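Following this line, the structures themselves.
Look for chain A in each of the two complexes below; its partner is chain B in the first and chain C in the second.
What follows is the complex of A and B.
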């Protein structure tokens, strides 16, 4: 077991190395002068002296391998470089944006977990019945919904046609609300993006829960529970659902990381000032260092989520727990 | 493990389930065929050339322009019809790229599970863990906006899941008697793979291909929506990109500018997803 754990850690380490290496290689592989991509200047406007100076400063005249080590050094010390659109340190930009994305992703996670688990449990319990088939086909349909389109429609309906909720941003601009009003304002702005993100995440949770339930339903201890006269409700919640939860929690942890990625699109639609919107802005402004830094943050988030899932699994699944002891 | 102890699944339930899956599959085939016909015959169906400015900008729907016109006066209905070409091309070709890589990796990793298999599956795991959408965007931004780049970027990112499915199938095939018999009689691995393994993996590989098309269509739409699509050939995603940029969803225009392209994306992706679901249900029924 410990060996398997180490194996996993090694795997995550490899992913991290691959991500950092991709970040290092990509700007240097592109045709043309990497200077423009790394230093963020219009190379054509520079005198040869200036150019040499920048190359010197960015360390581009050194052999690739030592550039690579320098790159690692800066990553590991948390130095992500500077945005070349705003000139600000990237770590500062990210620290500013990250909480908003966490709010969206976290909110969507809770909501989609709630609905996904309940619907999945009901569906598996009634397998093969009309309800199950209906739920299953609508979930497949939901998976084909383009996320940004759903967001646009929600804005058209809730914000524009009915005027119920704000259509962009995370807070009302220049309103200086404090205390409870501020909280309300933030929640009102988060409702539509969180709803969009949740709707998209429900099918995954649902399918995992349904499948996991079906596996558990075939196990011996369920028959034992029934045989000893436990009520149907007790069997469903006390035995089946409880034992089916472990894979779902793993899925949710990983899903959180995916919700992060989905945030790029959702935040763009809602002009929400999170990390995803930062990626979109940097794509539009050809701000490659910011784009890469955000990619790295997303990677670390995914790895942390996976680690959390690995850690939680044995705690939740009574069967693996017994095996470990 | 406890398979033999599980009560045999209810026959009638299973049949009913398959019945539904088949119906969805037929619906999928119907949708996909309609889409393909629309893409192929686009120049004959579309009332105007979608790149031509044929009217005043921002027109509301009328007899001349059934879905109105966009911000530069191009006919939205014609854009919608021609958009099928981009979406289907990207979906099919990107899925083909993923299919070729995925099948090759899956078959090799399954047939040689020791060294080659370990290395290949490690690679698969890395690709699966990497944050997919951000990486897609970074790659697309570096490579630049063109149809080929969109196809390549999507193709090289979605092969990992199919590879894993195919590997487990091949892994179980390689220990079957007829493969062992071929090996014992001195047949080269190449023979065993082509003669015995590939034909029995074909159906599974096809279902992963169809599912990949569905994914690729959605990804193309997302990329185009973020402004990373081919600037010359407009897809449904880029129609929505312009609707977003010009704020069409903040006006009544959302009904004819935002609604139709989204429905098309959904239908196209759904059509393939239904087919994949029906095929998967036939290969591996898991009620």
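What follows is the complex of A and C.
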């Protein structure tokens, strides 16, 4: 068991090194130059000498390989460096934004898990019936909705037409709200982005749950449960749903990690001050150090989620535990 | 029919789910949201708009990019960063509504006859936000500071300055290496005066990190709060030397894109947008009460670039044919719905005093075809596309995907050039990619990686007519904005002459000649100068001043009428 665990960690280490290297290479493969960002938009007004000076100050004239080693050094020392644009420490930029992204991703996860699991269970229970077919086809339709479009639709309905909810940001700017008023303000601002993210995440959870349920429904122990006279509700929740949860939990763990990436579009549409927006801005301006750092956070999130799922799975499903030992 | 019904049904399901999701979020997170779905409690945050008489006037403005701490050393962009910077600081001169610099912190501004020495006397009794007096030492310090710390826009403004000396109790004399006829526009109206007692304590500004405590200026507003990626909050300076501003608080909200800002002004969550709105939005916004539009000509440009170092664009006949074949009026009418000025082939905007009225755009497809026929570009294989050197005249035309107006112009250009047997394939790519192809590394010594491309310059390039050489000179050291690689000895000689010409009349003659030469030899094809149109909520504040190149949200708009230049 211990050796297997070490092996697994070794695999993760390799994946980490490869991912970090890609994080370094990919941004630099994109055509484009961070000079405009460092100097401001009017690159046209710089003299050639001033341009050379800026490039040197930012270390852009150094050979790629030494930039690459600097990058590793910064990862290992935890010093992520400074943004080309704002000159501020990147760790600070990320720390400011990470909680907002966690709020959106976490909120959407809870909501999509709730609806996805319940609807998936119901759908599988009534397999082949009208309800199942209706749910299944509408979930597939939902899944194919573009997220920016759904976000804009919600803004135009709930903010522009009905004036019910704020259309942008995480809090009301310059409002000096404190205590419960502040909490309420934050929630009101989170509703539309969380709703958009949730609506788009529900189908995945639903499909996983439904499929997993159908598998369990065919198992012998369900017939046994029915045979011994357990009520339908008890069979559904006590036997089937419980055993069908393992793949869903794995799916949710990985989904949480990917929600970081999905937040890029949602946070842009809702001008939400999270990590995704930071990525959007840094990619647009080729702010290499910020891109690398943000992608690093994504990489670590995905790896941790996978790791967690790997270790959770045996706890949920004793059959996989046996195989490991 | 079936499909639209289905879509409607899906939407209903979506909405139901969304509503359910909202409830879930509320009850799950807190117990105090009982009234959370009460209509109208969240959108109109400023309850003061109904009775504006006594309550403070708060204006909420939208921008599309975080501008960081907007201090004079690190602020990010010319627009709107500079506008926000200058809320807090003053320059010696201030642009009026016609874009002409007027004395501001300066009481008088005098230029020597050769325009190489500028003498400025400053107003008495101005104080900084912290109560310290603003002195002539601060003025000298500010100019010296930007001369020594070479990063950024203000150092560029001061190219050619040899010394800044205090020559009186309230007087400085600025000496330049040569005549600088536009020094008032380029430098005096642009450079913020910064307090010596704050900035002399900042060592190594290129490494320093700034917080907003540094932002002590003399301007009508003081930055009191900055939340990254969210907002700025400026408070009025009641002791401003020209009188307290007409607006008590300015909140600047940072959006991620312009669609977000547009939704927010329509929902009443912001009151004005810094950036101009696109032509197709103008009517829609104007029709909505209480939104209004302020509109006028501006000096940005839209043009066709081509690689003039390569065949067939190295042939003047081809360039002239393209110029004749584009219907600029059609572009203005179709793409801009009239909200633009037809491009002058000689580069200079017709509203500029130095414009040569003899230079005008001509649209003549027959003449263009005749030019190409005479130059030997025949369509030998009858496919509707002419050939050069045995290849079809078929080119990739790059444009940046983020700008839908440019994309539409590109499509029109493609159709127009098809009329003269040139095939243009529009390729829409992401901004940085497009920039890197047209202007690799922002250094023309790196050459060009495009055949044809949409391009445009910001307003300052158009303002700088005295430095036209940067755009067209064939020597890369001088013509460092010459992205098409165009090189013509006559034009080179003319722009060289212009740069050192001290006599305004001779300079104007040279400018007329240069415009005529550009229009004839066509280093690029200028299509249009888009208008600026800005939207604001007139219920909150309606006294906006349109300043070409600066939009409506600048400090002038927030001052009482009597204090404006």
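Throughout what follows, the second predicted complex is superposed on the first by the 262 of 325 C-alpha atoms of A that agree within 3 Å, B and C clash if a C-alpha of one lies under 4 Å from a C-alpha of the other, contacts with A are read in each partner's own complex, and residues count from 1 in each chain.
Here is the rule we go by: contacts are C-beta pairs under 8 Å (C-beta built on N, C-alpha and C of every residue); 3 or more make two chains touch, one makes a residue touch a chain.
This is a predicted model, so every value here is computed, not measured.
In the superposed model, C is the one of chain B and chain C that contacts more residues of chain A.
By the touch criterion stated above, A:191 is placed in contact with chain C alone, chain B being left untouched. When the two complexes are overlaid on their common chain A, residue A:156 makes contact with chain B and with chain C alike.
Shared-chain residue A:264: touches chain B; no touch with chain C.
Of the two partner chains, chain B is the only one touched by A:15; chain C is not. In the superposition on chain A, contact is made by A:199 with chain C only, not with chain B.
Judged by the touch definition given at the top, the superposed model places A:26 against chain B, while chain C stays out of reach.
In the superposition on chain A, the residues of chain A contacting both chain B and chain C are 30, 141, 145, 150, 152, 155-156, 159-160, 167, 268-269, 280, 284, 286.
On chain B, the positions that touch chain A within their shared complex are 2, 5-7, 10, 13-14, 16-17, 20, 24, 122, 125-126, 129-135, 137-139, 141-142, 214, 218, 221-222, 225-228, 237, 240, 243-244, 249-251, 254, 258-259, 261-262, 265-266, 269-270, 273-274, 277, 286-287.
The touching residues of chain A, counted against chain C in their complex, run 30-33, 35-37, 39-48, 50-51, 53-54, 57, 85-89, 93, 96-97, 107, 110-111, 114-115, 138, 141-142, 145, 150, 152, 154-157, 159-160, 162-175, 180, 183-184, 187-188, 190-191, 194-195, 198-199, 202, 267-273, 277-278, 280-281, 284-286. Across the complex, chain B is touched by residues 11-12, 14-15, 18-19, 22, 26-27, 30, 127-128, 133, 137, 140-141, 143-150, 152-153, 155-156, 159-160, 167, 211, 214, 218-220, 223, 257-258, 260-262, 264-265, 268-269, 279-280, 283-284, 286, 288, 291-292, 294-295, 298-299, 301-303, 306 of chain A. Residue ranges of chain C in contact with chain A, taken from their complex: 6, 9-10, 13-15, 17-18, 20-22, 24-26, 28-30, 32-33, 36-37, 39-40, 42-45, 60, 65-66, 68-69, 74-79, 81, 150-153, 155-156, 159, 206, 209-210, 225, 227-231, 233, 249, 251, 253-257, 259-260, 263-264, 266-269, 430-433, 435-437, 440-443, 445, 457-458, 460-461, 470, 477, 480-481.
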